[in-house]
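First the structure, in the form of structure tokens, and then the observations on it.
Residue numbering begins at 1 within each chain, and the chains themselves are lettered A, B, C, D, E and F in the order written.
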Amino acid sequence: MEFVIGKYNYWFYIFLMMIGLYAMIAKKNLIKKLVGMNIFQTAIILFFVSMGSKKGATIPIIQAGQAVDAAHYMNPLPHVLMLTAIVVMVSTFGVALALAILIYKRFKTLEEDEMQ
Amino acid sequence: MEVLCSARPLQAVLVSLVAAFLILLSGERHKNLRETWTILAGVIKFSLVASMVPFILDGKVLEYTVLTIAPGLLIQFRVDALGMLFGLTASFLWIITSFYSIGYVRSLKEHNQTRYFASFAIALSATMGVAFSANLFTTFLFYEIITICTYPLVAHKETPEARKGARRYIAYLLGTSVAFLLFAIFLTYNAAGTLDFSPQGILAGKASDSMLIVIFVLFMAGIGKAAMMPFHSWLPAAMVAPTPVSALLHAVAVVKTGVFVVVKVVLHIFGVNLLKDLGLGTALAYFASFTIIVASIIALRKDNLKARLAYSTVSQLSYVILGVALLTPSGIIGGVMHIVLHAFGKITLFFAAGAIYVAAHKSDISQLSGIGKKMPFTMAAFTLGALSMIGMPPLGGFLSKWYIALGSIEAGQWPILAVIAASTILNSSYFLPIVYAAYFKEPAAEHRQYHGVRSELHTPNSELKIHEAPALMVVPLVLTAIGAVALFFMPSLVFDLARIAVTSVTGGN
Amino acid sequence: MIWQLDFIILIMVVICAVAAINVKDLLSSAIILGAYSFLMCLLWTGMGAVDVAFTEAAVGAGISTAFFIGAIFQTTRRTND
Amino acid sequence: MKIFALIAVIITGGLLVFSTNEMPDWGSLASPATTHVSPRYLEKTIEETATPNAVTSVLADYRGYDTLGETTVIFTAGIVCILLLRRGKKS
Amino acid sequence: MIKNAPVLIIVVPLLASLINIILGLRWRALSFPLMLAALSVSAASSFIALNTVIDSGTIHYRLGGWAPPWGIEYVIDHLSGFVAVIVSFVSLVIAVYTRKSIEREFPGKTVYFHSIFLLLVTGLLGIVVTGDIFNIYVFLEITSLASYALVAIGPDKRAPLAAFNYVIMGTIGACFYLLGVGYLYIMTGTLNIADLSRLLPGLYHSPVIQVAFAFFMVGIALKIALFPLHRWLPDAYTLAPSAVSALVASTMTKVGAYLMIRIIFTVFQPFFSIEVLPVMNLVGWVAAAAVIFGSGYAIAQTELKRMLAYILIAEVGYIVLGVSFANRTGLTGSILHILNDSFMMACLFLAVGAIAYKTKNTNIASLSHIHKTMPITMAAFVVGGISVVGIPPTAGFFSKWYLVLGAIEAGKWVFAAVLLISSLMTAIVFFRIIERVYFTAADPGHGKSARAVMDEAPLGMLVPVLVMAVGVLILGLFSGRIITTVIQFAVPSVF
Amino acid sequence: MIKQCDNVIVQSVSRFLTPFILLFALYVIAHGHYSPGGGFQGGCILGASFILSMIAYDIAEVKRRMTEKMNTVLTGVGVLIYAGIGFICLLLGANYLDYGVLAEILPVGTAKARALGTFGIEIGVGITVMAVMVSIFLNLASGGEHEEGSVE
């Protein structure tokens, strides 16, 4: 029980990631694949963000004029990484949607198994 | 052994490579210029090779390192007696074949002559490379180049049969060399740490006996160009090529490259003593004997002239291997000499076959009845060549057979002697009927009719008229026939070179 | 942050995720995905990742959804799975 | 395909569950992630970059090169969408 | 500027692609020269950087002036310098080639194309020279996005679909990579490669680290299309425009392979993958399967580019196979093969592109006697093909030489046999084409009398093909020098 | 989808909101040093304000205010500001992106120079993100055919 509670964020992230990955591979609809991709990436971001948190710490904006104790603030590095990851995510998403539109224009369908 | 550093081997290799470029540049438009390049390259190459003979006879070795690719992996030439013997033969016969080729392609109005001559030149260049190579890597390099650049020659006719033959050709040669030869080279390199040829062999004591046997078997299987059974069937398949190609490449350059590499591997990679210890020499000898007999029997049943010659080649090549595999001085001398002596005989036969094809458009033995009267020079040369093959004195073929027989006695291998005897009988029985038919049989009626359509040359009136192939073809074949005879009376150069080669590997006894 | 609240949001996130990939209408899927992103963003704020949450709010719940809807109008709402 | 996807997903999930057991607890103050590199960002951000928001200072300064890459990704996406979708002017 | 050469490798093409967009829309003619100039500067900088590395050891360049574990640094050692030189040079040559083909295929969009081309190269070079694992992810995504787009604009109707599958697979790969980064970060707290390799050995037995390794491997395998994960590649590389196929085939998979070597031998020490988590055998079997599968499928193809795509899968298998031997010779072979293969693939794809440009048809069956109209292109194609088969003196032979020796040294006879068998299979592939091209009459109607006139692709396409073909011919002969000056230092010193 | 919208309420609300959104976006960009936010978030919001106008009015209307070419150029300009600041550092003799060296040309200390450099790149990021978001949305929502304003 200890490890379930102590790491419940991680369990949820794993579950979300599995949902996303499954949708990416198994769904036939291109847009649904992208939904899966979005969930997958968000799950990873959840993982990173969870990793950066510290018990009893606050947001990483330093109060000027006080002595800084690193343990009082959240770890900013995973947040930075995830900002980048979100940007990458939305870029990929945009490009993939553009491709989906192109495909729709040519095949008149978004279902993978209906294209010939 | 004195080692001289000289760029001459490299030049000898490069001459025809440069010629190939010039030929390609000249193209179809400047035919005469193009053929001048071929002849010129042939003459220069031969004189370069010949100029190295005195050094070799002095017991020296010429060496030249072209490029070091990696430690132990270098492109290096080293001319010793064995290589010289082979190089001399190939470059001399190239000149003659060039003339013959010109006559052949012109009278048949072959297409793509530029590609033909260029590939030919590169093939010769690579043959020199094999002859003069100083290590297995260089050998392999040029060995593969030969395979690649003779492929266009085999497929030259661009007919479905030509493509099929060429496919088999490339499949066998490339397949065996990549699958077995290359693997054997890897194992050798891994075991010995070097690939340099050495008169004492480089593998002694470097690997376990079983590993050595594996390497040896891989080598023998990998050198497909030696046409040992069961990897022989590319050679008859390659007979779809134009006859000059069959003559020079498939009687001399390519197949001799194969046996030359076998000889090199036996003598310079394994070494006589190691093979004796392992007992592999005898095994190889019996294997070669098997090829000799079986190939001869198959040859008996072939009606196509070139196919019969091809199987004869398969059989004769194994003589070289047999001689060397006996591992006795006489045997090796015999084997090495056979490289040269067989070349002169076989090229004559092929030239004659080509001449018959050009002049009379006949390619089957059963059609040759009476042709001796129409083509007296060709058939005379053919007869000489056939006799040389059989091993009759006073023809060159006798000498090598004699030494191989001596070698088998030295080695105490009496069954081998029986094999030689049997093979001689078989040789006679597949060559002599041709000669007999050509001179003493009346031309069969239906053939006359069948071919009579072609021209009035075949009407009964002109049947007795001499109708030879063009002089450019007849002169070369007469020359090689004379060569086959001359070698019997003046074998000193060949013999000396062979003896030097043998002395270096057996240590003087 | 109170872990019970955290837990409830997480469960809602999972429900949204499952719904988003199973709903038979792509437009609904887009909207549910927006909600999913928004819940995520709440979660991250709770973990102190305000910058990430802000970005996710702007991107995941906002721009992404807009892209999504724009693309759906260019294509089709229909889906078989 | 569905079966294959399920297998892949379960393997991945299984690996993750298996390894997550060994991870530091959520929010642990002793984990390497909180003790190794990141403290410097928090402690020195004002002194070195005059930026109280540690995320901004790390994003734009300490790891500014990453952000350059990130911006390039965005830029790439923009150009890609134009290249893919934009019709040339009708002529 | 010599000091700053490392950063110029990346920044110059990046700036060029931006300026290209800003100015190119106004002055269209500027776009192409700008791209060439930028790539030349990049290539020159890589050469300078590699030279510096050879002279004075690894270059560390701190971006933003921050010390490594906190900031990001470039680390250019022999391996990354070598790969950077390959990538920048090959892409420069291919850039020359793009002019004609792209002008014809997308007359209105050349500016965007050039920008994305530059971004693709920027991304690849960024992956190669950086010393930070997260930074690799960022540049991986730049590369991926650019390549998705370039694949999607292919002339075929199905090109966007291929690109879409590529997006899905590529994203899964990148996400797995990112997960790997996260797992390493949570256990070590650092992202710097040097720092990681210092910290990791103490943690090798933690399952977290082992799972991270697995995720890295799967992610990269997806990106380089290693055998069971290769499904996206043939479509994507076949349907892309020819110049793009050449670029991605000759550089992207090589950079992926470089990344794999980096992860296995630098981030993790060789000790990890050999003893702690003995996966090398598994990797070897997968790669061997890739080799056999790729060559086998190549035989079955009737379309040139698709055939080359399968050959590429086999070639990736070679590189990974060499890595899996985990000895000096095998790894030397792998690294050498990165060089040779990028030249070979560029040569083949460019030649096929030139054929497609002229005949608009790359079915093998329709190639009869094309050597009469395009002798130079076909000669280059034959050279490339012979090199793939591994016949001396072409470059392909020498890397194969080291690979097989490595297999023998490692005692892995099966893999040595696999390498040789695949040589034979590729021989079948290429000799079938050679036979079709040179020795099969076009069709009975024309006959041999129809004197075909030479009708080569424009010079701008021909020269790159020739450069690559000549490269394939002479690189092999200098592989000894390349190994002694560069590669032997690129191999981890524990071997 | 993005047809001329006749709904007065939507139009007037969006007209009313847009300046505030823009202001907020600028605040987010400028205040990134002290509070959550920065170039990326601000850029997104900026882009969102344009997207709002596009939805409320139509594409042609928005394109009158910001031409497509201009938007594309801004895409590049943003990154160019970023990379250019880095390059200036290079020219000033420091490493790439080492904003500290900007103190040589700015009347402030090293740390402040870094903050200013950061601010500069935030602006660059903001511009790029805004322009790219607008451009992607424009292309996605109209299927690449901006001229017609809308495609159903």
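Please note the rule applied: contacts are C-beta pairs under 8 Å (C-beta built on N, C-alpha and C of every residue); 3 or more make two chains touch, one makes a residue touch a chain.
In this text the structure is predicted, and so the values were computed from the model without any measurement.
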Chain labels contacting subunit E and also subunit F: A, D
Chain at the geometric heart of the assembly (C-alpha centres): E
Comparison of A-F and A-D by number of C-beta pairs in contact, larger one: A-D
Averaged-CA centre spacing for the pair subunit F and subunit D, given as whole angstrom: 21
For subunit B paired with subunit F, centre-to-centre distance based on mean C-alpha positions, whole Å: 78
Length of the line joining the C-alpha centres of subunit B and subunit E, rounded to whole Å: 44
Junction residues of subunit B - those touching two or more other chains: none
Subunit D residues counted as touching two or more neighbouring chains: 16, 20-21, 23, 33-34, 37-38, 41, 46, 52-53, 55-56, 59, 61, 63-67, 69-77, 79-82, 84-86
Subunit C, residues touching no fewer than two other chains: 50-51, 55, 59, 63, 67, 70-71, 74
Touching residues (chain side subunit C, partner subunit A) in the complex: 3, 6-7, 10, 13-14, 17-18, 20-21, 26, 29, 33, 36-37, 40, 43-44, 47-52, 55-56, 59-60, 63-64, 67-68, 70-72, 74-76, 78-81
Complex contacts: residues of subunit F adjacent to subunit A: 34-36, 40, 136, 139-140, 143-144
Parts of subunit A lying in touch with subunit D, wherever the complex brings them together: 3, 6-11, 14-15, 17-18, 21-22, 25-26, 50-55, 60-64, 68, 70-71, 73, 75-81, 83-84, 87-88, 90-92, 94-95, 98-99, 101-102
Subunit D partner contacts - residues on subunit F that touch it in the complex: 32-36, 38-40, 72, 75-76, 78-79, 82-83, 86, 96-97, 99, 111-112, 114-115, 117-118, 121-122, 124-125, 128-129, 131-132, 135-136, 139-140, 143-147
Subunit D-facing residues of subunit E, complex: 14, 18, 21, 63-64, 66, 69-72, 107-109, 112-113, 115-116, 119, 122, 126, 132, 134-135, 138-139, 141-142, 145-146, 148-149, 152-153, 160, 183, 185-191, 195, 199, 206-208, 210-212, 214-215
